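First comes the structure, then the notes that go with it.
Think of it as A, B, C, D and E in the order they're written, each chain with its own count starting at 1.
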Amino acid sequence: MSRFFKKVSEKSGLSPGSLVSIGDKKMEKVRMTILDYDEKSMSEKEIKTFDECLPFIKTPSITWINIDGLHDIDIIQRIGEIFNIHPLVLEDIVNTGQRPKYEDHENYLFIVLKMLQLEEKEEKIRTEQVSLILGPNFVISFQEEEGDVFNPVRERIKNYKGKIRKMGADYLAYALLDAIIDNYFVILEKFDEKIEIIEDELLDNPSPKTLQIIHNLKRETIFLRKSVWPLREVIASLERRESKLIKETTVPYLRDLYDHTIRVIEGVETVRDLISGVLDIYLSSVSNKMNNVMKVLTIIATIFIPLTFIAGIYGMNFRFMPELEWRWSYPSVWVLMIAVFVSMLLYFRRKGWI
Amino acid sequence: MSRFFKKVSEKSGLSPGSLVSIGDKKMEKVRMTILDYDEKSMSEKEIKTFDECLPFIKTPSITWINIDGLHDIDIIQRIGEIFNIHPLVLEDIVNTGQRPKYEDHENYLFIVLKMLQLEEKEEKIRTEQVSLILGPNFVISFQEEEGDVFNPVRERIKNYKGKIRKMGADYLAYALLDAIIDNYFVILEKFDEKIEIIEDELLDNPSPKTLQIIHNLKRETIFLRKSVWPLREVIASLERRESKLIKETTVPYLRDLYDHTIRVIEGVETVRDLISGVLDIYLSSVSNKMNNVMKVLTIIATIFIPLTFIAGIYGMNFRFMPELEWRWSYPSVWVLMIAVFVSMLLYFRRKGWI
Amino acid sequence: MSRFFKKVSEKSGLSPGSLVSIGDKKMEKVRMTILDYDEKSMSEKEIKTFDECLPFIKTPSITWINIDGLHDIDIIQRIGEIFNIHPLVLEDIVNTGQRPKYEDHENYLFIVLKMLQLEEKEEKIRTEQVSLILGPNFVISFQEEEGDVFNPVRERIKNYKGKIRKMGADYLAYALLDAIIDNYFVILEKFDEKIEIIEDELLDNPSPKTLQIIHNLKRETIFLRKSVWPLREVIASLERRESKLIKETTVPYLRDLYDHTIRVIEGVETVRDLISGVLDIYLSSVSNKMNNVMKVLTIIATIFIPLTFIAGIYGMNFRFMPELEWRWSYPSVWVLMIAVFVSMLLYFRRKGWI
Amino acid sequence: MSRFFKKVSEKSGLSPGSLVSIGDKKMEKVRMTILDYDEKSMSEKEIKTFDECLPFIKTPSITWINIDGLHDIDIIQRIGEIFNIHPLVLEDIVNTGQRPKYEDHENYLFIVLKMLQLEEKEEKIRTEQVSLILGPNFVISFQEEEGDVFNPVRERIKNYKGKIRKMGADYLAYALLDAIIDNYFVILEKFDEKIEIIEDELLDNPSPKTLQIIHNLKRETIFLRKSVWPLREVIASLERRESKLIKETTVPYLRDLYDHTIRVIEGVETVRDLISGVLDIYLSSVSNKMNNVMKVLTIIATIFIPLTFIAGIYGMNFRFMPELEWRWSYPSVWVLMIAVFVSMLLYFRRKGWI
Amino acid sequence: MSRFFKKVSEKSGLSPGSLVSIGDKKMEKVRMTILDYDEKSMSEKEIKTFDECLPFIKTPSITWINIDGLHDIDIIQRIGEIFNIHPLVLEDIVNTGQRPKYEDHENYLFIVLKMLQLEEKEEKIRTEQVSLILGPNFVISFQEEEGDVFNPVRERIKNYKGKIRKMGADYLAYALLDAIIDNYFVILEKFDEKIEIIEDELLDNPSPKTLQIIHNLKRETIFLRKSVWPLREVIASLERRESKLIKETTVPYLRDLYDHTIRVIEGVETVRDLISGVLDIYLSSVSNKMNNVMKVLTIIATIFIPLTFIAGIYGMNFRFMPELEWRWSYPSVWVLMIAVFVSMLLYFRRKGWI
């Protein structure tokens, strides 16, 4: 299936706000977990129906509800009802072809971004859409499937590390965003390492396989770029603190996050520049190799073709060829041929070909 | 006929506001249909003269008049009189070389955009100009010919699906725009699939025909881009809600539409990047193939030319060539030739050519 | 003479405001015509001295004075005196290397733009600077030589077509600008047609002559672009209606003109994209052709060089070559050679070269 | 020495405001001239010490002090004291690696720009930094060496041509800037002419020397561009009339100058486009030439290699070769060879190679 | 290790504000020095614990604390406590992968930038992150290791050169920034010199090694650019004087610094342009060399292949070849061969190949 364009065509023409899960169903069953904490206590729980989380939300403690799997439309619909969420937001959560974005709906903020992970063989970036709904004292995160980069955040909450337990829901949202964006650096590093390996290979032996790898990297970078560019705007909107849901104390952290985002974007551009540099070397190496092949051919051919001609002359069967009868003809021809050979070599050396 | 520049030259110098239908007459007869609805009732009707729709427009229910075919100037003129529409707007409706645009004429909005469809063999994008006039309780849509992407919208109105029956004329206009823009995704997906097919082909066998296909894709993308870029501005103007004809409740939908537009634009840019990547692979593959051809030639020539020379030597007919008379000359020459052969092979292996 | 840079060097260092006609004197004698009209009457007249037009200007009717030929400095100077025009404006009228611009001098507007026409063989764009001075009830247009694109406007005035007779001098200025810009579309169409012809030729037979034509087109496009880009700003300034000389009723027409300008600019960019696409095809075709040439050479050479070597072996004159005496040697050699030949052919087929 | 980066490294780490003349000392002795004028009188004088000019400055007449040579730090320092000029301005005057800039220091304006001149062989642009200090009734101009483009301005002052004698010091500064910028056009024209000459050469005979010339032009254009781009901002700042030292009446002239600057910038971009076009032709011509070389090789080789093989067959010395004994063998072989020859020629003609 | 992406992955997921030194530990022991001065006195001291500097800071004299080495987290933490510095700032100081930035924290300013130095063989840029904390009467500078470009500043303070002793802490910060940025010019000059050397080499002998050097330069320029671009914003923020810590009198110096920054940025762009120009020459030279190789091959082959064929003809052993018996056959064949030879030479000369 096309990775760049999710099958929105299936939805084409449907009423806006219709909840239709697109793409492959990645999980058997939706999995919902609650992490509820304040400065003093913390509790974690896996729930079966969304309504189980209602008592947690009513308390002033911070509640983080994480939902893995988006194919159960009923749950999404129920969340929409409970928190009075706009149908278009629900559609965006389910429809995983969104670009990163930020929407302020007064009583909640809606943030979409892409969680990226390198696949096993590190040849392809696996992408997962993460949607966050940030309310006054809760964060709901939607993921396409299990497995994420949030474990360090969970650790910090459970073990009371850092200041996360003292801060509000906005800081939790920040921590989740930070975890996602930090992971981009890991991918950039991997890419950078790969480019260095390729560069070393190139000088020795530029093979078409190398070209294939370079091209794959390039395509993955187009992909990465598409996920990363809109982030700038998203984080900048958060940092401008246009919503009351973002507290003053969280702003320095968001500014730091903005810095990270800029560095990720610059990193992607740098990787693009490096790849284009590597491609240039590849092309030059190939052309250089061809040049060498041609030189060898030319040297051999231009030396031996005239010599063969000379030999051909005296292979003719004319009755009246006086040279054939002379005593020193044969040695003289050898002298002539060696002279041609040597002068050709000198010519090539002067040209710098040998 | 040129697809990029409609024959405006025929109109060159005419008084502005002159209604002259340019391009081929695509339909025999203009076809006009009315769809009138409110929350309670709905009626559909095909009309012969435009004046038949007047009673519908006077009622507060929403009226959608769709006109297929633009060559009957009298009808366009009549619409202009009835709704007091500026002659330049009428000219833009008839003159189908417009770029997407939005104009606010206080008592009506005028929106032009391009409806795109892939032709049967999916080699070319077929474009049709769609003009919308949005009034307080009516929408008039003008198309160049029959056949459009609006059927899902008609379905939703007839079957009371979604909220379209509860909303105003501005929502109807939104629904039509949404249907057109959603269709762009279908084209992008098709392009993306084609690029993947080409990529697989390229690695096996880069033929000039592939190049032709790549080039066609590229040209169609130029075309697509031209239709898509101005959309951003058009939808953004609508979303800013500068006109009273756009109601507050429609704004979230327009914002969603704006998001889609941005994604279409990004999609076009991604397709461009992918095509340019594919072109690079093509060129590298061709150059690589040539390299291989050269290598084969060089290997064969540089091995056999010296050998032929040796054979030539002893094909000479000099009377005094002592080697000719020796007992072991012939086997020795064979040994020499095999030695040359082997050392050449070793040289090429060391060079990595074999 | 250089087309891109008019010989301003001749003027270099002169006092600003000096009237020195640069470039070739294109006409023998300056030709001045007056077209004076209001809703009821219309008169046309050719005049010898500029002062003949003064009575027309004093009446409230609209007066259009057209001047072909800029080399008679006295006339220009006289116009400057009569209408109190800034010396720098007069200099700009005479000095035909201006870029399109718009200047608001309170009691008159000064507009410069380029009238473009394709030369006979359609190989080169011929450019002519047109300057307009728009006063309260008059328009003065300056052209370098006779022959222009204004005839349709003259027709509309004389035959009372369209609304031009009912509108003011600003509408007349608009009509002239519109005629010039409409003509740009004609050039773009011609270019587009040429590109299509070239594309078809390319696939059959990419000759260096085609390259020359592509390059000429490219250069003309640089030229076209230079004339067209500043227009956007010029027309936008007019449309913003910063001057009282532009009436409210003319604004929709200027907005329409602005739309046309944007389309011209986009058209130029599209032509550039198309040309660069055609150039890519050309280069690929050439490289592909070379590839084919190389393949033929390689196939022939790699088949016959080894065969020639075998023949050479048995052309040697050693006394002791047992094979020479054998009965079936000759047919065996033929068998060997045919075997080599066939195996080579199979090899090439497997490689996909035949 | 590097032309792009003046030896600022020598100054690296010095206290800001230190006056250290960098670069070669271009003149033996500093030369100072005064030109003092008002509407009625004019006097010109060469002075030894800067203090000689003080009486002139105290009168209300306009005083232009021109200083050729920057290596005498004492003079610069003295000027700084007299007019109370910021040490950083003095440093910028002496340190000739500045980019064009404009600084408003309330009681004087400081303008730096580059005076460009083509060297004798017109292969290199020679650059000289010109700094202007504009006070209420005086202009001080600093040049690196004697020889400049200001002679026409001096002429106009001395001969009372134009309105320069009637205007203030700001007009004088304008006149100097105008003279410098007008000279840029001369360089652009020269470049344009050269490009045309190269283009004609290219079609006949693309030699590596041509490439060298193209590359030099390209590098000079990088240089030119660096000097020209910041000018836009400089002149725009002057035209905005933020300083009281610029009078209302001078503004139209500055606007005209701004127009010229834009044209120079566009000219540089056009030259860049033209050069890149010429480079494309060069590369295509080279590749085309190579194509032709290859064709000749292929035609000759593919015709004669098979023929030589046939001749080789019947050069073999087998005892039992029945053809050798036949009466019509030799003519038959000729017929065969001519048939191969002709069919090859027909093949090449069909391929369009001959 | 990757130079473009510091191992932030190790930190990925940690609580923000955690101080973990990344990268290699470059020094054994942290080294702290104090330079305390006012207009009258000056003292310099190396300290063991940070608290030793507290008495200096309490006096109104300017205190510059320089810290070489960032791996001792305790010291950084202590500084944070004493000056009440935000944990994210401390993290940024320790985490040396920052991009240049400026942060205003009301009671102190935080500035990060990159100190660049060319390594011994001048093949690689060595980068070191320098962080400055500017307080009311102190500057703390953090460096990764010993050795910096600040010695001239130390000299000026110790020897009372320039006005540094009379100015405040903001001027000291300016002086440090100025020293760092001035050093960029040194690198640019070195690069420019290298490019000139390469250019001369290229014309003589374009070797793959040259390509490698060009590519290295290009990569270093990507690196340089990354360090330099954000500087513009940093210095502009300082110059806008949004903080009370920047005094009015320092602004002209900051404006001068801004000018330098712009020049550095332009310099980097110029170097990029020059490198891309050099790369073009390289590629053209290689292609030209190949062209020459091909020409030699073609000339030799096309001359001798036909001649060899002629010789081959008369090497055939047919019994009935009348020419073989003729008296003048052999000389005639020589005449024929010389004729072919000469006409080939003439053909090549006409083609311009010889």
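The working rule: contacts are C-beta pairs under 8 Å (C-beta built on N, C-alpha and C of every residue); 3 or more make two chains touch, one makes a residue touch a chain.
Computed from a predicted model, the values in this text were never measured in an experiment.
Q: To get from chain B to chain C along touching chains, fewest steps?
A: Minimal hop count between chain B and chain C: 1.
Q: So chain C and chain D are the same sequence; what rotation in degrees superposes their CA atoms, nearest 5?
A: That pair's rotation angle lands at 70 degrees.
Q: Taking each chain's centre as the mean position of its Cα atoms, how many Å separate chain B from chain E?
A: 42
Q: Could you tell me the distance, in whole angstrom, between the mean C-alpha positions of chain D and chain E?
A: Roughly 26 Å, centre to centre.
Q: Using the touch rule from the top of the page, what residues of chain E touch 2 or more other chains?
A: Where chain E meets two or more other chains at a single residue, that happens at 287, 290, 294, 297, 301, 305, 308, 312, 315-317, 321.
Q: Can you name the residues of chain D that touch chain E in the complex?
A: Within the complex, chain D touches chain E at residues 2, 4-5, 7-9, 11-18, 86, 88, 92, 97-99, 101, 103, 205, 208, 211-212, 215, 218-219, 222, 226, 279, 282-283, 286-287, 289-290, 292-294, 296-297, 300-301, 304-305, 307-308, 311-312, 314-317, 321, 323-330, 333.
Q: In their shared complex, at which residues does chain E touch chain D?
A: It comes out as residues 149, 151-153, 156, 161-164, 175, 178-179, 182-183, 185-186, 188-189, 192-193, 196, 203, 252-253, 255-256, 259, 262-263, 266-267, 270-271, 273-274, 277, 280-281, 284-285, 287-288, 290-291, 294-295, 297-298, 301-302, 305-306, 308-309, 312-313, 315-321, 351-353.
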